[in-house]
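Consider the two complexes below, in which chain A is the common component and chain B and chain C are the respective partners.
This part shows the complex of A and B:
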């Protein structure tokens, strides 16, 4: 298997509504910026893998219209109907196989152009779920209550995740929400679907991310610090909420275990320097601490309150501010990879964790974290 | 190049598309029992014996196929709940109401449904279904679950 590294990346300024620009122009500019970041041109790219949502785009096979804009014309291309981090995993495999020397991964979403809550309702199974109007927020609320109740955790614990991540987001120039919030403001914000409060939910975001992968020889020839991909993992739980152990992020645990095995990581808390997770709702970050093996099951809030996941903690989680500061579906997980690559190559700017050598990026998908992907990067 | 004037900033569009989903033996059998008999059916996996409610044609745990119907409930225990404070398009009831995951007696999975916004609806509470008078063969033939009166 060939060595593969993340060598270049770009993300948009994430915004509530990126008006004045078609989705295609957003992608065109983004891809050019990503290629420039590693001194490549589109001619150096062997294959393109993209992640977009037909629902958000309002077209079937919506990639077809966007391929020319992202530079895929006449190249080998494929689409992932999931988060861009899953597209990055396919890209890794394509390059690792030796069939391609380089790959461009693009993920994007302009959630402002339709109604995101209606979109997630339309994603529900049609017989037993959709007639009840369930959406992503309501499914998350059911999971949060299951989690809090199972372990006897106070409802203020997720609010403290929101305070941490919003404070972190103030240093991130790409974040949509770049203002701090107090615990009282989070606890006093309106309930969307209880127990999820407005300030504990990700914002609605327009944005995109592009990442360039290359094999060992090409990575070493570009004059950049490659972020080597050392581990990948993916998994998904049962579709039906009622068939799962809802108080556990089972798919994230399996995805992380696969990535850790591949990267020979046995103690993630001490061996990972920084983690970026896709916490669409604040409680999910606590569950993910447990699933990623940073602490025992049910101890996520204790880990948070000990400061272990703060910017100056032993394993900082979401120094970028995470999905609570910008959620450009379906690029949110790929943004985690770009942030992780920036960290391990010491290009993290204001959000840089000093001396970060090894990072984990996580993506989630489906209602209540049904699916998960993890990628481990190393300097 | 110059920006378009504001009136040309957006192009409005809409997609409407109707569907008629095939229900098949399992989903169709479940919905028919709701409509015609006012009972809730589960399906038992021929591989591992798990009883799925609502029923599906396959078992994701062991890969088995369903072998028998099992009548379950009507009582069930709330495994989780979530309160919807405000009305939205597509809501099955007037808000406020609650979503619940209910483990019906005899079932190995739990069913998503709704309850009134009753303070008693919490994890661990026993609930019973109330069926609509006029039923059409839909999951909403169960109007909602309500706390069992002691």
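This part shows the complex of A and C:
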């Protein structure tokens, strides 16, 4: 298997609405910036894998309109109907196989063009969930309640995640929400769907991310610090909410275990320098601490309150501010990879964790973290 | 998402559910479609963009050439007439398409363009249409900045 590294990346400035800009213009500028970041041109790219949503784009097979904007004309291209981090995993496998020397991964979503809640509602099972009015937020709220109740966790713990991540987001030039919030403000914000409060939910975002992968020889020839991919993992939990242990992020745990095994990591808390997770709602970050093995099950809030996941903690989580500061749907997990690559190659700018050498990027998908993907990067 | 339980024909218990999915979209023209349609609306001009590398004049206008992946940043006015490259007569229209049926969809190579322009043919019997014939745009009086600012192309 060939060595594979993340060598270049770019993300848009994430915004509530990129009014007046087509998706194609957004992608063309983005891909050029990503290529420039690693001194490559589109002719150096062997294959393109993209992640988009037909629902978000309002078209079937919606990648087709964006192919030339992404530089995929005449190239080997395929689309992933999931988060861009899953596209990156496919791209890794394509390059690791030796069939391709380089790959461009692009993920994008313009949520402003339609209604996210209608779309996630349509994702619900038609005979067994839709009649009850369950959408993504309601599924998350059911999970949060199950989690808090199972471990006897104080309902203000998720609010403290929001305070941490919103403070971190102020340093991230790409974040959509770049203002701090106080604990009182989070606790005082209205409950969208109990117990999820408005400031504990990710915003609706327009944005995109592109990442360039290359094999060992090409990675070493570019004059950049490669972020080597040392582990990958993916897992799908049951679709039916009733069939799951809702108080656990089982898919994230399995995805992380696979990635850790591949990267020979046995103690993630001490061996990982930084983690970026896709926490669509604040409680999910606490559950992910546990699933990623940073602490015992049920101890996520203790880890948070000890400051272990703060910017200056032992294992900072979401120094970018995470999904609570910008959630460009379908690209959110790929943004985690770009942020992680920036960290381990010391290109993190304002959000850089000093001396970060090894990072984990996580993506989630489906209702209540049904699916998860993890990628481990190393300088 | 709207579901309605559908009773079985005999009036027994439900065994199917009818569903409808309505999602509204608002998608921006952006800079390039914006200028393209404004020129059609205000000046009855069809504008393309020229690739800085291969020189092809592209429609619809876009910031890049998909063939070369280089900027296409020079705006070029095209003729409102050209040569018919292919066509079809539509007898079974799709939803929301022109009221007058049958209608003729056509790909036209406008003089000066590097790619085909899609539109309709009018003032011609479907049996008389031939690939290679010269056609010219007939502009609408009431223009709003859409593709229908041209009513159709007719043979010259």
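Keep this in mind: the second predicted complex is superposed on the first by the 379 of 379 C-alpha atoms of A that agree within 3 Å, B and C clash if a C-alpha of one lies under 4 Å from a C-alpha of the other, contacts with A are read in each partner's own complex, and residues count from 1 in each chain.
Assume a residue touches a chain if its C-beta (ideal position, glycine included) is under 8 Å from a C-beta of that chain, and two chains touch if they have at least 3 such contacts.
Everything numeric here is computed off the predicted structure, so don't read it as measured data.
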item	value
Contacts of A:121 with chain B and chain C, given as first, second, both or neither	both
Partner chain(s) touched by A:73 [first = chain B, second = chain C, both, neither]	second
Partner chain in contact with A:246 - chain B first, chain C second, else both or neither	first
Chain B versus chain C as contact partner of A:146, first or second or both or neither	first
Partner chain in contact with A:194 - chain B first, chain C second, else both or neither	first
Touched partner set for A:20, first chain B, second chain C, both or neither	both
Contacts of A:238 with chain B and chain C, given as first, second, both or neither	first
Partner chain in contact with A:58 - chain B first, chain C second, else both or neither	both
Touched partner set for A:131, first chain B, second chain C, both or neither	both
Chain C-contacting residues of chain A that also contact chain B	19-20, 58, 118, 121, 126-127, 131
Residues of chain A defined as touching chain B within the complex	19-20, 58, 117-118, 121, 126-129, 131-134, 138, 141-146, 149, 190-191, 193-196, 238-243, 246
In the complex, chain C residues that touch chain A	1, 3, 17, 19, 21-34, 62-64, 66-67, 69
Touching residues on chain A, where the partner in the complex is chain C	19-22, 24-25, 28-29, 41-42, 55, 58, 67-69, 71, 73, 113-115, 118-119, 121-122, 124, 126-127, 130-131
Touching residues on chain B, where the partner in the complex is chain A	3, 9-10, 13, 15, 19, 21, 23, 27, 31, 52-54, 56, 60-61, 79-85, 88-92, 99, 101, 103, 109-114, 123, 138-140
